[in-house]
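Letters A, B, C and D mark the chains as written, and numbering starts fresh at 1 in each.
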């Protein structure tokens, strides 16, 4: 692993942004997902949705141009692009639940090889976990991508056979971007699309809690 | 650059398949997407299920689509109205299936489809023949009927102004079913009286955000007819 | 009956209008109910709702001032008062079903002494009756008043023990205004509040299909 | 003349009873009816159930109401956030009941209450512990959970502009839960930054028609705090 350059959080966000085509309606979760917004190439029209009733969010405002009335779901100040719109919470979640969001990018505690995601409660005993809109997004968006460190800070795998933490949604995740690799979640389990330079499948497997296989050339 | 505005009605309706469920906006003659309905006749799709409040009047619009023999079934709240002669003839002749749905249940079933709600309980129609064969349930001391989401393959919508992202506003009572249906179809096609530049529509007053719209075609149709 | 002056349709509408206090949100059905709109005294703010997405309808327009974009649920041209609002059909029926309409005035084929109303289909065999918003209004409005001729043109009673026609809603009607009387629908059945001058309870009973009783003075 | 505008906050909250369910608008600090919440503390009602997205932050607004011991139960999607210290203390001490509801289900349950829908099936939370003990059902090939309408006795709403009929518009992300909650309570009270003359609000752009509003109080509060 000494020769391997792992991606920074910002590089992970940029890697995700690369794969978002023009015209998609995208909801970005809190954390690294939020950073994806600033990595979308200028001129590529990707329309950002926020649970609190905004479509067409723009870049973060300059410090002297903050509008205190305009925050995103993470309570950060944002801007609105020309063509953006405001609506109320029930309409906002109608967009989410109704399958109108092309992509939601979420963080996760764990993702299982069957696409289950756990990202809202760190133990079944936690009596006051904050679910927010995660469950609605996980079942509602057309696709769920997870962006996360490949392991916990303690080195435990976050990509696992079955989630141990309380689930957010069943079978929801289709792709995972980590600091080490890009991995599809398929019916046959985790399929590695790319790894950071210098990383071997064996080394990646050692940090992963479920079987990996490399994408065959003929899978393309 | 996202540009949902297409050049003509043929492009707006390209790919509509036989057997589709078509949601058609409008209430009476106001807010009816007549140019798109005419275009659908040209386009040729058949064996359609049409969801609309009315079943057409006179010999234009929905009535013309019915007369052309393209519709297998109509789901509506108010089939019989002044001038609904085409509907009446086809229905009497057994050439048109009919599902009557109370107007509010119709609107709510379409909204449910757009909002990812699989089914809901409504007190409307409990104890009437429109609830025959439907599940019912007492909730909070009141009898309710279970109704299921009603999605469309295609929604035909008339807007007053729309922009290249598909944001729409409507005019007065021309709003009616249009924004609800826009949310509930795989392909939502808008005929708009006016095209607005991006940013010209007030973000606080947009009724249908563009996320619900796939195609926009400019049809400076004029006032409702009839 | 020869000395009895029955109310005209317009007088019936005016009688209903008398009882509608300022501030009520009111939906008016097709027929005589629609005529109630023009009978509300000037200056009394009663807010008229229409199923097709209008709140705050005003008087009918002058013939040279018709706005073709502004029709009511009966497809007649109307106007909008200052303070009025437009909304879509799902929101409109949320107002209705959600119990936000203070009063709906409907016509009826029959009203039963238990408050059942039949006003949408003239026979169980009619395969294509037009229900419109009648069922939603009948279950949703805070109160349903019926305004109707006391009998059919053939003289058959429209106020009955049990409806024979297909029902619109169960136990919905609280008051009936006819060309002969104003009648409350109570747990004890039909209670006559007033009759046109010269009419006796016996004569009214003869034209009614269920038992009537006069309102006791102490009921007030 | 209809005039829903009352003179002060005490009049706006007159009659709120112990044991009431209070819907509180706002998302984060934006669109929170803080003056009404403070007024509710003054007013004195206790044993309240509060429905809000968050459980308050710092020592103002909702947190202050919690700290005053007036709340028996809170129904929300995101209780823990930066500064939710009052909530955390009360909850740990067992002095506050908590019902966690996914944010979209929360919004839809409130909408259902306002729209006369007794209950609905949503795919959200199926297979998770938030669906424990709830009915589920396969609809159109997808598992759904049954959720019931969540009405309030009182809704506290912050608007940007309101008129004497109770028509309201909101400002940017201050809209959030406010218009939904306005529909779902027996007594909807609006604190508005600006009072508009009747007719000044564009009928095409009114977000909350006055039918949903019982009282309006003018509170030129200024920008969201926090």
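Heads up, the rule we're going with is that a residue touches a chain if its C-beta (ideal position, glycine included) is under 8 Å from a C-beta of that chain, and two chains touch if they have at least 3 such contacts.
Just so we're clear, the structure is a prediction, and the values are computed from it rather than from any experiment.
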Intersection of contact partners for chain B and chain C: D
Geometric centre distance via CA averages, chain D-chain C, whole Å: 35
Centroid distance [mean C-alpha coordinates] between chain D and chain B, Å: 33
Whole-Å gap between the CA centroids of chain A and chain D: 29
Residue numbers of chain D (touch at least two other chains): 108, 111, 115-117, 122-123, 170-172, 204, 207
Residues of chain A engaged with two or more neighbouring chains: 80, 86-87, 90, 93, 96-97, 139-140
Pairwise touch network: line, ring, star, complete, or other: other
Each pair of chains that touches, named by its two labels: A-B, A-D, B-C, B-D, C-D
For the chain A and chain B complex, residues of the former touching the latter: 22-23, 25, 45, 47, 49, 55-56, 80, 82-87, 90, 93-101, 139-140
Touching residues (chain side chain D, partner chain A) in the complex: 27-30, 53, 77-82, 87-88, 91, 98, 100-105, 107-108, 110-111, 122-130, 170-180, 207, 223-224
Interface residues, chain B side, partner chain A - complex: 1-2, 111, 113-117, 163-165, 167, 183-184, 198-199, 201, 203-204, 206, 209-212
For the chain D and chain B complex, residues of the former touching the latter: 108, 112, 115-123, 137, 139-140, 142, 144, 148-149, 169-172, 202, 204-205, 207
In the complex with chain D, residue positions of chain A that touch it: 50-54, 67-72, 75, 80, 86-90, 92-93, 96-97, 121, 124, 127-136, 139-140, 166-170
